[in-house]
Every structure is written in structure tokens, then in C-alpha cells.
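Inspection log for the structure reproduced underneath, given as C-alpha cells.
Order of writing sets the labels: A, B, C and D. Residues in every chain begin at 1.
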Amino acid sequence: MKKSRCINSILIMLILFLSACTSDNKNETKPIDKNILTSDWKGIKDNARGTKVNFFMWGGDEGINKYIDEWVAPRLKEKYNVELKRYPMDATEFINKLMTEKKANKTSGEMDVLWINGENFKIAKQEGLLLGPFTEKLPNFQNYVDTESDDIKYDFGFPIEGYEAPWGKVQFVFAYDSSKMTNPPKSISELKDWVKKNPGKFTYPAPPDFTGSAFVRHVLHYQTENYKAFLNDYDEALIDNEDDKVWKVLNEMKPYLWREGKSYPQSIAQLKQLYKNGEVWMTMGYDEANASNLIKSGEFPDTTRTFVFDKGTLANSHFLAIPYNAPNANGALVLIDYLLSPEAQLKKMDLEYWGETMSLSVDKLSDEDKKVMESIDRGKATLSQDELSNHRIPEIGAEYVQWLERGWIENVGKK
Amino acid sequence: MHLDQVTIKIHQDSIINSLSLSIHPGEIFVLMGPSGSGKTTLLKGIAGLLSLTSGRISWENGIGTTGLVFQEPRLFPHLTVLENIAFGLRVQGVATKERRLQAGNFLKSLQLENLGNRYPHQLSGGQQQRVSLGRALILNPDLLLLDEPFASLDTSLREDLISWLYQLQRRLGFSILWVTHYIDEALSIADRIGIIFEGKLQQIGNPSEIFQQPDSEKIAHFLSLPNRFSKQQWQNWFQRDLPLPQTLNRGWIDSNHLQIIDEESQLPSNGIKEGLYSIISGFIMKVKPNREGYTLTIQSNSETLEVSTIGWSKVPALQESIKIKIMFEHIYWYSE
Amino acid sequence: MVKKPLEITLIGILTLFILLPFIPLVIWSFTKHWPWPLLMPENWTIESWTYLFSISGRAFEGILNSFIVAAIALLGNIVLGIPAARALAQNEFIGKNIVFSILLAPLFIPYTISIIGMHDFALRLDFLNDYVSTAIAHILVTLPYFVATIWFQYRLMGKKLNEAASILGANEWKIFLWIEFPLLVPSFLLGSFLVLVVSYSQYLPTWIMSGGTLLTLPLVIFPYANSGNSSIVSAYSLLFFAPILLLLIIYFLLLRINNRKNTNESR
Amino acid sequence: MSNGLNEDGLKMWEKNRLRVQLNSYKGLLGILPALLFMLFFFIGGSFHALCLSIGSSHQISLLGEEDLLWAYKELMNPSFFQSVAVSVGIAAAVAVLSGIIGLLTAIFLATKSARWKWLHIIFQLPIGIPHLLAAYLLIQVFMQSGWYSRIAYYFGWIDKLEEFPVLVHDEWGIGVLLAYMWKEVPFIVLLIYPFILKLISDWRDQARALGSTFSQTVRWVIIPILLPMWVGGMWVVFAFTLGAYEIPALIASTSFRSIPVEAFHEYSQFGLERQPIAIAMNVVLAVISLLVGSLLIYMQMDWYKRGRRVW
């Protein structure tokens, strides 16, 4: 009999549980303070005191993780009494999560700050997943960011309108082992020649990998005459005319690639692995300081150097945003503001943790900060700031990117 | 088949201890012994399922074949009756058609003609055991090893199967090494009986020898022979020295040979020369009916005796005083 | 079977196939740079390991969370699984096959689909503690293993002992505790081992049910798996592996203790 | 008086009967929690996903009308069917190969004495490793610049890493197969080992007494009896391999397009409006697995109908 009572109680629990699931539980979650976007900075700072802020970000780099956990978090605690917790998650994953929460009308989520850009930002903004324009609230944004420049106003051609704050800038560079080759190619056509002379020693990650996709865009940039048109609104006819040229170049290269182009690395990680093991002589990445970083940690050979194409390489900014249902928007604002401070940005530039270019405008920095900046050692494989900024090309619209990725699979990958 | 000084050890324990035994062609040899005495181990050793630690097995005709049947039928559950019977032929590489034919024919002698396509779980226990026997017999073994094959069947089925197997054996002429603990089973078919204790053969003989002259009290006890007493006790009852060799110091008498003497009736003196006898008195402790009459447990002083009566008409009463006549010539003597 | 030497060779190859990949894993975790064709790297470092156990590495947090979830999942499996396995093994009823197939469905149907659908449940279950809601998803994945293992043992056991005990007046609980459970121990251990290990290695269900906020070990590790940092990934993999090895050893030890106890009792 | 006793006896009998009935009913009750749990979460989840793949509010087709099955219509092209074939093929290959190797290994282990116990532990090692890490582990050893290639170089078998056979990212999915084998052979061993052990102890003597060699016993007795379990285990492997993306995503060559990888790409890379396609792909996989399963169950039922009973 005892047993049946036990089973009964389980059943009752389960039924309660089921009914709880089907009933609306909106009263479970408290709606967030919508006034936050109208309150003043001091009020925000006061409200943030003693709270905890959840930072959702890609977590695959120990340097970046250490920067957040070991450098930013203790200082945020000390200065603003805000606790910072980092959650490693890919951008597509947390956007998906946010999307589902939005559909279910969930008014209080778990995420306070997101690290996003490009396609993900576009979806988030279009679907109303973001809190709203907040950048003008941030003192550091107002004081140090060049608010009028294109790479602050547009993210992959999509207007930002204050929905996200720039955290850093990166530029696409190629890396090579100078002990194995001396004159790195300076354009796609030179690359093609080099590849033919050195079969099997070059490859790129297969799109839709982020880096591989960027490499394909360089081919587009090299092949098309009106690259500028791709920066504007999506026009299928435009890309339909141009894409064959892109596939042609890539397919010409294909037989001379690593593994004769029968297979590509599935991710930038695998390409780096090939480079580290010495299977290929070149790698690439959307981070100009990454090679220096890896030399420092001992993963890349000491003789690794980077280069950009004569016509330039892609550059973009990455951003911080606040989801519409952030449980602690005050804390989020405080964190973002702190991450945009010259102090935090200069530390980020240091190779000690990350080594990435600031999102702040150098002109707006104080003289003292400028001095600090000049003294920062960005590593022997990192190109000079001038050389980088003189060889920058902007990113094209997110739809074109997707179109190229899918096109590559159909026209190059599957062949 | 001859076993010569066979020893079988399992995990350092000697289960069979330098055992020697010959089984003649066409003979039914019944092996009896308490559980744990190594009967099954010996069978497995002969069948080659266990390797001999030492000693050897030899056959009259060079290499002999054996068939082994266990207490449980152990039919392959995924094969039909026919396929089960044909299994051994399949092992020998007989072609499908040929072995179906052979197995089909064999089914007749097993009296299972119509059950060839059934699966084991669709058969009764007796049928299953018959298939199991047939599965071993179709290979024409020189020696059939049976490990209490009918132990789990009911008495009448058991008797049927025993007589069926006996006839089959006489017809086909193979020899059988038959492990059983049923004495009646042993008596009804055995040409010879062997008693095994703790891995050693204690006594071999034809059934009457075994019962009339058990080699030791242990064997007598194992055979549950009734009314076993020491020579001393007998002498007490007969009140004289019994003319017996020194070595035979115990005797038993079958309960049928004890005769109850009525108070009224006089001792029979019909001219037939009476042998040596003794009369002891006691009272009835227990009454147990059997097929012929009653089996009585009699208490006489400190000893108990078992006596059988013939006929059912007179029901003995408990606590009734009674006299029993013991004929000296009916006592079988053995040594302790 | 095949001839002995061939048999041993094949098993040897299989053993090496399974075992050898762990060796470079260990080496990689102690080096940053190890180009072809070096059999052993030239420079050794414990940087990856220090990172693992730093604030950023979150090794302890991950292990702790993983084990809390696995323990709750195991508890759920016991509560749900044993009665179900018992009922399935001891009763015949209409639709039994259907019930059984539903319980085992996650084994036979790729459960990605169900996990996608659970996204919504995850939100509804928001009021539950993260540990509990994650454990629910883990129970879903592990229950079939548990039910199947326990069911098998119940089948082997049959109902006879039960009937005997019930005639002797034992009630259901006593039957279970005194008769069935001791006999269930081997399969209970195997089932629990499977549940713990499978739960321990889940990524997607944990991610979806907790919204990525419950940092179990896979959630800590997976972001690195695509980072190309062999040294860190290798160190994490070994860290991941250590508790499994421990569980495996505990499982075999418990099994041995149980066996010894049984053989003693039977003697 | 005797009458009263009789009545009491009847009552007792009635009570006992009721208790027995109640007991069996109570026994059945034990399934309910687990069943409801599965129905609610697994079947419910699957059903929900199915709904998502059919009627998606995201998609307003170009013609402006709601097209319920658009995601499935999108899938109706040769390229997708080819991918289905590849996925099913690799899953079947993995299932059958690991089934056979696992069976042989389990038999080997079951016939060996306690001295070989450590082999057991080794064979259980991969079970707890997630597929993602397993893929990673195998890449590290099997790639052309991997550890085995270094060993080959060390022994002088190869001079350049290009001479090492292409086992990872290869055209035929050898790498995928190897990685899955690494995971699934131990799984099959774990699954069928206890059965094999029991079957061998049950049948070895009997079969040997009939003259059969061990290999004949395995082929004619043990495997047929084990068949339902063994095939069931292979089905589990098949279903899992069919739906998992980690290993092909990491190890397969770019031209080797399996559905789970494509679905994962659709789900995570190509924007939210294409997610129903990803779900639809997974639905197709689930349906295939279900069909294969139904076929297997049907075959087994047929087997039973003909009168066999094994377990």
C-alpha cells in the first residue's frame, strides 16, 4: 500500500507539473524597467550597484576569456560594485535563444550583454530582440568614439542607430611562415600563381565558416568592378551577374590547394591546426594581432609574419548589445561603458591578453593615453597601424554574405 | 570404453580422483551418487566438455563418439524440432536435404512424426526430452551419456520414457552411462551400477550385488537400505553369537522380510524346516500406507525398525504392541 | 573461431585503435607547439593546465555542475525507471509493446528533433531551478538506457521469487528492498553508470534547458573545441575524461564487491 | 459452524483474489510516471518541432500566401536526396560494421578469463567521451600531420606527410567511419556482452556435446538467439549516427554532405527564416529511422508469428 501511495504522489506531482506547464506563467517573471533608456547616467550607475551582470560571448579564446575574467571583472567590481559573469556561447546560439524567448513573450531573460555583429545584429534588431538605442547614454561612447564614421554607424551595411556599442575593430590578415616562403602574394592573382607553384600548401576554411566566407569576399572584391554596390541594399540581380567570376577563380585554384581541393578545413581552427603542424604554409584570420598572440603563446612558429593585399583586406567592427529582456539593463550599461573606457580599451590592445585594435578614436584620447598607446607592443607579426588602416575595405551586406556562402557550397564545395 | 586413472580438477579442486571404469559395448551402466560427488563432471569429462587433468579414455574401436543429454532438455529455442534433431548432422557437414531426410526418418522412432515443424516451447516436457535424446542419438554415439534425463518429469511419463529408451537401446545396441538418483530407475534398466562418492568409484556391481552386498555403511545409507544394524545389535536380538566372518559387521533386512506375528496365531510349524530366527517385540510408532499394504515404524527399546505388511484390510493402530519375527537368512551382511 | 594468433592480433589492433588516441592528447596538453614530424614536442609547458584551473578556466565549476545535474538525473531515473521496468517485465497487458517503444523511443529516433521542440518547454519551465530543468532533459536522454537495463534483469529474475515472498507475507516494498533489489544490483550499477556518463557528456539538452547559463563541463569545453587551440582542448578533454575513468573504476569495484558478497552468501 | 467457516473462507478467497488483481493493477501503475514523462517531453517535443517545420509564421512566401509545407517542398531536390543517401549510407555502414566488430569483440571477451578483465575497462573508455571530443581525438592521430603519420615517418615508412593516407577529410568518409567506430564498437560491446556471456554459459556445453565447434556454436546458436538484441543495438547506433552532426562536421570532407551537418548549417548560419528547413531535415531523418525501425519490428513480429520464442 505504501508503494501505491508513493506512486500516487508521483502522479499528483506530475499532474501539477503538467498543469503548471500549460498555464501562463507570466507573473513568474518581473517586467524590466523600461524607463532605463530615459533615466540619467548617475541613476543608472546607482541602480547598478550591487547587481550581477551576465555577459554572453563567444568563448573560444583563452586570451579574451582571461581579459574578461581576470582583468575586467575585478575592476568592475571595485569601481562600480557590479559583479560580472561570463557565459561562453556562440552568437547564433544566443540569438536563437532570444528569438524563442521573444516568441514565448518572456519578459525577463538571463542575458544582459551580448557580443555580436553583422548578420546576428541585423536579425536581432529587425526582430526587436534588442533593448533600444542606448549608446548615447554612455559617457565613454560620447567622449571617445568617432560617432560619425561609417564603421560605427553601419554594421555590415546595416544601420546601427545606437542599438549596439562598438567594442573593437578587426582587420583580415593572412599569415605565413617566413622560414618557408619569402615573398607573400599581394593579390588574389598572385596568390593563384603562388598556389600553382606550391601545390598543396594553401587552403581556406570552407564557408559558411566565418573566416572562409571572408576569404571568398576578398575574391569578390578582387573580381568585381563595382564592389561599392554590394555595400548598399540587397539586389539579387547584382550578385547574379558577378558570382560566376568568383567561382571561376576559386575553381581554378582548387586543384592546387591542400588535398587538391577535394576537401577543405571545416573551420578556421582546423586551418590553424594544419598551419601549426606544417601541412600548409599560410593561414588567415579576421584578427590582425592573432598571429603575434599565437607566437607569444608558442603555438605558431616564431617566423610567422602577416600581410595584407595591395588592394586591401576586409575590416569590420564588433559590438556589444543589450537584449530586450535583459534582467539587469543598468548593469549592462555600466559594463559596456567600462569596456569602452580608454583604460579597458588600451589594456585590450595589449598583447598580454588580446592585442586587438581599439574601437575608440585615437584623436579623442588624452595625450597621456596616446603615449600609453604608442608604447604598447603589438608583437612582431602585427603590421603597423598605418599599413593596416591604409589597406582597409568595408564589409558587404549580410544578405550578400549568405548568398556567397550558399553559392560556394553549390558551385565550389560540392564539385 | 575404458577410463584409466582419470582425474579432473576444476580450480585446483579435485572433482574426479584417479577413477578407472570400463563400460562394455551395449551395456547400460548406471552411475549413482550423492549430489556433488562428481557425476556430472565425469560425464562432461567423457564427453570432452572438460579436459582431463590426468588419465586417459580409450575405446574398443579406436575413437568413440558420445552423446550427452542433460536433465533440462536444452533445446535450441530458435530451431524447430526437426532442425534441433538435425543440428549434429549439420555440424558434421551433412547437406541440408540429406539431413532433413535423416532427421525426418528419425522422428518416427522418437514417435514425434507430426511435431517436426514445432518450436521447442510448443512441446510438452516429455516431448522436449525425447527431442533432446533424439538429437544425441541421431549421431549414432557409441556411448550415450545421460545426466538424470527424466528427473523433472512425472513418474508415469518417466517410466514410459525409460522403457522406450530401453527398447531403443536394445535395438540399436549403443551403450549408456546413465546418471540417476532414482533407485527404481536404476534397478529397472541397469546392467551394472556404480556408486560414486567424492570423485571415487566406491562399488561396481550388478544391481543385486549392490543391494545384497553394499561395500560400506556409507553406500548402504546412500541406497537408504532399511533396518541397518550393527552385528552387535543383531546378536543382542538373537541372543547368541552369529556365525559370520569378522569383516561383516553390519546387516540389513528388507522391511518385507520382517514378519509380524499375531498374538493369537501360533508359530507356524508346518514341517518346513525353520532356519535361525529371532522374535522381538515393540510398539507401532507410525503407520504409512504403501502399494502393498502398510509400512510400520516399530520402536523396540532404543531401536526403530521398518516393517511392511501385506494387505490393507487390517489397519494397525498406533502404540499397539507387536511382535516381529526376523529370519537370519534374510539378513544381508556387509562391512562398515 | 579464427585461429588464435589472428584473433589476438585483431583484438590487439582494436585495443590500440581505442587506446592510442589518448596518448597525443596527453602530450598536446603539455605543449603549445608541436609541428610535424616531431614524435615528441621540443618544449613542454603546463600553461594549459594552469589556465584550466584559473578563474577563466572554470574547471571545478564545470565538474561540480555536471555532477549535480547527473545526480539529479540519476535520481529521476530511479524514481521513474525502476517501477516502469518492473511493470513491463512482470505484467502482460494490451499495448505493452507500444508503451515499451515509447519509453525507448529516444534511443531509436534521433532526439535532435525532440530537443529542438523542447526549446519552448524550456521557457515554460523557467520557474524551475536550472539544475532541475536540465536534469529533466537529461532524464529524457538517459531513461531508455536505464529502463532497458533494469528490465532485462527483471526478466532474468522472473516472478517466482516475488510470488514466494508475497506468500510469506512480505508487502511490495519489502519484496522490492529485500528480494528484488539485491538481485538487481549488477544491472542497477550498469544502468546508473550509463546514466551518469551519458548525462555527463550531454551538450545540447543542457544548453537548451538552462539557456546556456548552467555551466556544466561540456558547456565549458565546447566553445574551445572549435578554437584550434589544441593544447587547451586536449587539457580539457583529459579533465573531462578523468571523472569518467573514476566512475568506470568505481563501477567495476562495486560490481566486484557485489559479486564477492553473492558468492560468499551462496557458499 | 462449518457453514460460517466456509463463508469466512470464501471471503478470504475473495479478498485474496482482489488483492492479486489490485497488485497487478498497481504494478501497471508503475509505468505511468515514466510513460507520461516520455509522452510529454519526447513525443511532445517532437510534435512541437513538427509543427514548427510545417506552419512557420516567419515565412510569407513570395506570392503572399501561406504555404504550409514550404520547407518540405524546398527539400524536394536531387541534391537533398543525394545527401539523404549519403547520410543513410554512412549510418548503415557504421551500424553494421560496429555491430559486427562489437559482436566479435564481445564474444572474444566473454570467452576469456579474468586475466583479460582490463581489456573490458579499455573497451568502456570511449563511452563517456562526447562525440565532439571523440572526433577531435581521432583527428589528432589520423590526420596527415597527425601522430600516426609522425610514427610512420619515425620508422621511415614515409618521407613526406603527403604520403600518409588521407584518413581525415577524405572523400569516402573513412574518417567519419573510424570516429564512429571508435565510439560505437564499445557501445555495442557494452550492450551485448552480458547477453553473450549468458548465452555462452547456457549453450556452449550443449552444442559441443553435439560435436559443434565454437565457431559453429556462435554462428548457429548464439547469433540467432541474440539476433533481436543485436539488431536492436545496431538500430540504436543507426538512429544516433543518422541524427548526429558533430563527427561529420569535424571530420568529413567538404564534398561529403550529410543531412545533420546541412541541417546544423541551416539552423545556425543561414538566418532564422531557414530554420524550418533545418527542422524539416531532422523530421525526415526521424521518419527514416522510424521506418527502418518499423521494418525491423515487423520482421521480428513475423519471426515470432512463425512460432519462435527466444527471450
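Operating definition for what follows: a contact is a pair of C-beta atoms (placed from the backbone, for glycine too) under 8 Å apart; a residue touches a chain by one contact, two chains touch by 3 or more.
The structure displayed is predicted, hence computed values, not measured ones.
Engineer: Which chains contact both chain A and chain D?
Structural biologist: C
Engineer: Ranked by contacting C-beta pairs, which pair of chains comes out on top?
Structural biologist: Counting C-beta pairs in contact for each chain pair, the top pair is C-D.
Engineer: By mean C-alpha position, what chain is farthest away from chain A?
Structural biologist: The chain lying farthest from chain A is B.
Engineer: Using mean C-alpha positions as chain centres, tell me how far chain A is from chain B in Å, no decimals.
Structural biologist: From the centre of chain A to the centre of chain B is 89 Å.
Engineer: What's the distance between the Cα centroids of chain A and chain C, rounded to whole Å?
Structural biologist: Centre-to-centre distance between chain A and chain C: 35 Å.
Engineer: Taking each chain's centre as its mean C-alpha position, how far apart are chain C and chain D in Å?
Structural biologist: Each chain reduced to its C-alpha mean, chain C and chain D end up 15 Å apart.
Engineer: Approximately how many whole Å separate the CA-defined centres of chain B and chain D?
Structural biologist: 54
Engineer: Where in chain D do residues touch two or more other chains at once?
Structural biologist: 26, 29-30, 33, 37, 145-146, 161
Engineer: Can you tell me which residues of chain B touch two or more of the remaining chains?
Structural biologist: none
Engineer: Which residues of chain A are in contact with two or more other chains?
Structural biologist: Residues 3, 7, 10, 90, 93, 270, 273, 277-279 of chain A each touch two or more of the other chains.
Engineer: For each chain, which other chains does it touch, given as pairs?
Structural biologist: Those chain pairs which touch are A-C, A-D, B-D, C-D.
Engineer: Under the definition above, what is the set of chain A residues touching chain C in their complex?
Structural biologist: On the chain A side, the touching residues are 1-3, 7, 10, 20-21, 25, 28-29, 54, 56, 58-62, 65-66, 68-70, 73, 87-90, 93-94, 97, 100-101, 103-104, 106, 109-110, 267-273, 276-279, 297-301.
Engineer: For chain D, which residues are in contact with chain B within the complex?
Structural biologist: Residue positions touching the partner: 202-203, 205-213, 216, 220-221, 224-225, 227, 307-310.
Engineer: Which residues of chain D touch chain C in their complex?
Structural biologist: Chain D residues touching chain C: 23-24, 26-31, 33-35, 37-39, 41-50, 52, 101, 104-105, 107-108, 117, 119-130, 132-133, 136-138, 140-141, 145-151, 153-154, 161, 181-182, 185-186, 190, 194, 198, 214-215, 218, 235-236, 239-240, 242-244, 260, 263, 279, 282-283, 285-286, 289-290, 293, 297, 311.
Engineer: Over in the complex, which chain C residues touch chain A? Could you list them?
Structural biologist: Touching chain A from chain C are residues 32-36, 43, 45, 47, 51, 54-56, 79, 83, 119-127, 171-173, 176, 207, 211-213, 215, 219-220, 223-224, 226-232.
Engineer: Touching chain D in the complex: which residues of chain B?
Structural biologist: 44, 47-49, 65-68, 70, 74, 76-80, 87-88, 90-92, 118-119, 121-122, 135-136, 139
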